[in-house]
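See the structures that follow.
Both complexes shown next keep chain A, but they swap its partner, so chain B is in the first and chain C is in the second.
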Partner chain A sequence: MIQAKKRMSEGRFAFWLLLPTILLMVGLLLYPFIYSVYLSFVDLNITKPWIGTQFVGLTNFTDTLADPAFWSSLKITVYFSFFSVAGSLALGLAAALVLNLNFAMRGLFRSLLLVPWAIPLVIVGMIWKLILHPNYGALNGLLTQTGLTGHNIAWLTEPGWSFFMLIVAELWRSFPFVALLYLAALQAIPKDLYEAAKVDGAGAFSNFRHITLPFLQSATLVLLVLRTIDAFRAFDLIFALTKGGPGNTTEIVGLYLYKQGFQFTNFGTSAAGSYLVTILILVLVFVYVKVFKLKDLS
Partner chain B sequence: MMMNKLKFTAILMVVAAMLLVTACGKSETGGTGEGATSGEKQSGKPLDSMTIKAITPADFEQYFDTVAQEFNEKTGANVEVEAVAWDDLITKLTNSMVSGGTTYDVVIVDDIYLAKFAEAGWLQPVDKYMDEALKNDLTPFTQKLTSYKGHNYGLPWYSAWKTMAYNKEMLKKAGYDQPPKTWDEFIQVSKDLQQKGIVQYASAWSWTRAEALIADFVPIVASMGGKMFDEQGNPAFNSESGVKALQMMVDMIHKDKIVDPSSIQFNEGNVEEAMSAGKVAFEFQWGMPTVTHNDTAKSQVANQTEMFLLPSGTTSATTSTSAVQGISFGSKNPDAAWEFIKFMNGPEGTKRQLKETGGTNVFPGYKSLMNDAEVKSLLPGFDTVLKQGEFGIVRPQVPWYQEWSDMMQVQLQQALTQSKTPKQALDDAAAETLKLIQSNK
Partner chain C sequence: MALRKMSSPLLGKAGTYAAVLAVMIFTMAPFIWVCITSISTNKEITSVPVHWFPDAPTMQNYAKVLFTKSNVSGYFASLSNSLIVATVTTAVCLLFGSLGAYAFARLKFPFRDKFIIFVLFTQMIPGIAVLIPIYIIFRGIGLLDTKTALILSQIAFILPFIIWVMRSFFYSIPKELEDAAFMDGLGRFGTLFRIILPVSTPGLFATGVFAFLNSWNDFLTPLILTSTDQAKTMPVAINEFLGRFSVDYGLLSAAGIVGLLPPILISLIFQRFLIEGLTAGAVKS
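Let's look at the complex of A and B:
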């Protein structure tokens, strides 16, 4: 009885301690959320003050859905998400498997792994812009000095290369987080399973397929959700590196929505488009959860 | 129980102390630039302890701070300056206007955005502050670009147009005493320069996905005898002249191979770097790039470059621009803001700016300065630049310019990357333009 009382007062104590943070979060998140929902149903007519704010119902949503530029940006975002999610998961898993082995200075490598992830995305974009500079970039310097190419390549002027380099930059900065989560999951796998498998004569690939992968399912689901949301929200890197060019070949939906709101002052369209993308992400998350059937292996 | 209460009280006190420190910390910040003062009362000065908030592109921050310091000594007003990158300026200004226009008193608005800002009521007209002498001193092109529907919205701050520069030493090596006058000559000279191994690419241009691309496309079309819009305001850039201009741009990269393909990602700064590094023989640049070329600290082509007119198809042409330094509609200190604008951007302030910044990309926006001997002496090759200015073209001054420019950049780049033919790109652009015109009626 005394213990139960103690637990309740600890819970209440924790609530009171968290209350300032909760109030701050409500103020900083709830108000903008409600306002953005409001924006998606009105036209502020910011540059036509003589008309003023008008309620337009679902017009912002239908206008966005009727805009070919929106669908183009969404298509590019889907491609970007697919390659960046798949690539970061594969690369992150490979890194985690390596870092799970015992080797000298493993701790140092684990620490260095996080450096790309810690750099702000705008800075990542600027770093890669310098690396990819056609005349002074490190990449062209490396390729021409080693004789792999005979001339400088303007990476960001060709649609195909531009998109490819965007994926490379995104993978470089995102795989460390994936590796970190996979590393944590790998370390939770009971060692005796591998020992038992060894006794049964199982090889490395068989161990990976029948022991490691199943134990990584829940981590994979979490990473799929987080990385997909991340990829759909991408903006900083593309803005810093290509600004959507050449043409609109790297104009992802985040950039399209940013321009609608902050350059063309179509805040209603921007808000409506954001919610359309949110719905799409929710559908994807629902699909992920349904597809992944978790088995209780404990 | 007693211990719990003590613990709780202690934690609350720590949290309260943290909040207090944060709140105090915020009030100590604010005010940028070396020129800003603490705003102490200086008796007898006309604008004692008044604070004026301004915004400037980062290139001009140092000069702005110097002027702000002098204005403070003269009037007692404290000028707080925020410096941002050129590309971020319009976004910052738009956000500030949308949120009430009180973030800045003094704002810089490019001529291509003036129509939007004026229509939205984001700028205060300054007609009441300008006397006839000042109005009449504005050159015709700065008068056009700093006013909208009969009202003046500030004073010219960044008046410039683009002119070609060439490396005369490189041309001499190739056997040319004069720069090319026509596009055919330009292409031929470029090929010769490359064939003789003088340069890898004869020229680089600022054709990245940004306003820079439009600033080049407009005069190139004009040089072929075309224009952006006809007298009725309908798109005219997809005419035969417009298609010819864009086709020439595409061919110069992919067929003639005389333009560095990196031009598709270059802005004006990258082009300037290539010219100063001696990598190209020609550039199309704002203002007076020869001043930068002659700076031995930054350039490897000192005293090797001169100005010349954009090659012609039927005529030469250039893009003219003039940003206006004006007063935000939400400013609480419009009179003080005007005093600062007059101090910085009036005829005397402009002459001082030319002297102190070397006039690399600022031209005098006043008739009284155009023939000033001291000004001319600061700008080598200015006679050629003045002649280029006679062919100046202003980009469309419409409230929906940003949407139009963004769409045009996409279409033009699709042509430059050969994803579409020039005719297809310009026809698509014309169709989109008509939609924009319709939706903004």
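Let's look at the complex of A and C:
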């Protein structure tokens, strides 16, 4: 038998393994994070360099909370998140249920789901801009040629339609992830449960409620959390598709913060605002977990 | 186990195929439309009524996007920047991320449980929160408009995610494997590199694809940190096209198709690993 070497202690081994990570995280996350906390309490006076940096206490936070554009962006983000999360979960579940059925080339169709998922969001925005073009877009072409409407609709320049189409584009690109997750969960359900239910004479809807849904609970919690975080952090798609327009009607919070920082160079208010949003996200996640944990116990 | 036929009693065979068709049309139609537009001339694109397929398909849009020396040649530079940044970011994150993930999965050390919450937290903050200070810091040390800046910033976001996913993957490797390696005289690092990592290739592939896709598709970081062709990546270039060439629909489409091909191809090639990695968290009951 080979003499087993004395092994390095666990603590020391962990240290060496984690050293690069720790260095990178401290330099690229922790330090910027602390710096941004500092930023949220000062005014850099970039446009008035003779004054230099001033400590302004909570002014950045109160300015943000007093800004109607902030609240408007928050409201739009909440609406966006609601429809995006609910819509993608519903659409994804429906797609998963369909793809769970037995039919030819099932694997191929499942692979195609990856197409909307993998496309860079800026390009998703560009694609939908083309589709929604008032004069040359596929959607208006389809609607007018099939006689469903008489004239071209300016999807992206009418406030109501613009938000609606933003949701459509967002659902298109996000439902595949939901579908794949639900599909995996569906395929883990033991088939004999359905067999037993059939013997008892249960119908399809009853099966769904009593067998399928309980098995989807953990997947649903994961999806709710991930999709909500995703929706609150949304930026690329909206920037490419509408830039927050028309007017401010699709300006979600990420866009508002970006404008504060890089159009108005209010780095302080932008930093403060992003912390307010972060707190909101944390609260939401906390609520989700609590709600689902409670259901688990009952 | 016998292959179970589960044709839906609700829909019947025809209904099943109709539903599948509906899902597939919804999934692929926008993509197919861009493909069609990219091989059409602008004359055909702007003709009314809509041409559902060009009478005279052409590759001139692609030629314009990739080869001409006009303003559009910046696109090729942006593609190469994207490739370099994505490759380096992926390599670094995979290497350091797996090492770190192994530590989380197998070893005991102080703050272990707290650290993982920090990792989760980094995935939740809006990008702009960290990018503002990074912008100011990089501006101060002259790192703006460099690929290095992009790589570093992306590592900040992607590395925690890699650790998170690889950690759960390492959990699933049986401990006996490592104990056997120890019996054979392999030290800590030997076990890790010669036994564990080779066994983990599916997980490494999955996280590698995630990292690459995340980096390739990243828009906000290069939008903020770059300004010229030397560091601009593809999404930023596309965004500029939307502004500058907004009426050259053929050009836009061709540029878009070129930009989305690498992530789509990579996803399809590695789809088995991808889907396994994506769904790992959802299936436990």
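Rule of thumb we're sticking to: the second predicted complex is superposed on the first by the 265 of 298 C-alpha atoms of A that agree within 3 Å, B and C clash if a C-alpha of one lies under 4 Å from a C-alpha of the other, contacts with A are read in each partner's own complex, and residues count from 1 in each chain.
The working rule: contacts are C-beta pairs under 8 Å (C-beta built on N, C-alpha and C of every residue); 3 or more make two chains touch, one makes a residue touch a chain.
Note that this is a predicted model, so its numbers are computed, not measured.
Novice: What is the contact status of A:N135 with respect to chain B (first) and chain C (second): first, second, both, or neither?
Specialist: Touch partners of A:N135: chain B and chain C.
Novice: Touching A:L39, do we find chain B (first), chain C (second), both, or neither?
Specialist: second
Novice: Quick one: is A:K48 in contact with chain B, with chain C, with both, or with neither? Answer first, second, both or neither.
Specialist: Touch status of A:K48: first partner only.
Novice: Have a look at where A:A219 lands relative to chain B and chain C in the superposition and call it first, second, both or neither.
Specialist: Only chain C is touched by A:A219; chain B is not.
Novice: Between chain B and chain C, whom does A:P20 touch in the aligned arrangement: first, second, both, or neither?
Specialist: It touches chain B and chain C both.
Novice: Applying the document's definition of touch, where does A:L282 land relative to chain B and chain C: first, second, both, or neither?
Specialist: Only chain C; A:L282 stays clear of chain B.
Novice: Just chain B (first), just chain C (second), both, or neither: which does A:T265 touch?
Specialist: A:T265 sits against chain B, while chain C stays out of touch.
Novice: Give the label of whichever partner, chain B or chain C, reaches more residues of chain A.
Specialist: The partner that reaches more residues of chain A in the superposed model: C.
Novice: Between chain B (first) and chain C (second), which, if any, makes contact with A:Q145: first, second, both or neither?
Specialist: A:Q145 contacts chain C only, not chain B.
Novice: Which residues form the common part of the chain A surface touched by chain B and by chain C?
Specialist: 13, 17, 20, 135, 262, 267
Novice: Quick check on the complex: what are the chain C residues that touch chain A?
Specialist: Interface residues on the chain C side: 4-11, 16-17, 19-20, 22-24, 26-28, 30-31, 33-34, 37, 45-46, 48-50, 52, 95-97, 99-100, 102-103, 107-110, 118, 122-130, 132-134, 136-137, 152-153, 155-156, 159-160, 163, 182-188, 192, 213, 216-217, 219-220, 224, 234-235, 238-239, 241-242, 249, 252-253, 256, 259-260, 263-264, 266-268, 271, 274-275, 278-279, 281-285.
Novice: Which residues of chain B touch chain A in the complex?
Specialist: Going through chain B, the ones touching chain A are 4, 8, 11, 15, 90-91, 94-95, 98, 116, 119-121, 208-210, 260-265, 274, 279, 399, 402-403, 406, 409-411, 413-414, 416-417, 419.
Novice: In the complex, go through chain A and note every residue touching chain C.
Specialist: Going through chain A, the ones touching chain C are 1-5, 7-8, 10-11, 13-15, 17-18, 20-21, 24-25, 28-29, 31-33, 35-36, 39, 94-95, 98-103, 109-123, 125-131, 133, 135-136, 138, 140-142, 144-145, 172, 176-177, 180-185, 188, 191, 204, 215, 217-219, 222-223, 229, 232-233, 235-236, 239-240, 253-254, 257-258, 261-262, 267, 270-271, 274-275, 277-278, 281-282, 285.
Novice: Looking at the complex, which residues from chain A come into contact with chain B?
Specialist: It is residues 9, 13, 16-17, 20, 46-49, 134-135, 152, 154, 156-159, 242-249, 251, 259, 262-265, 267 of chain A that touch chain B.
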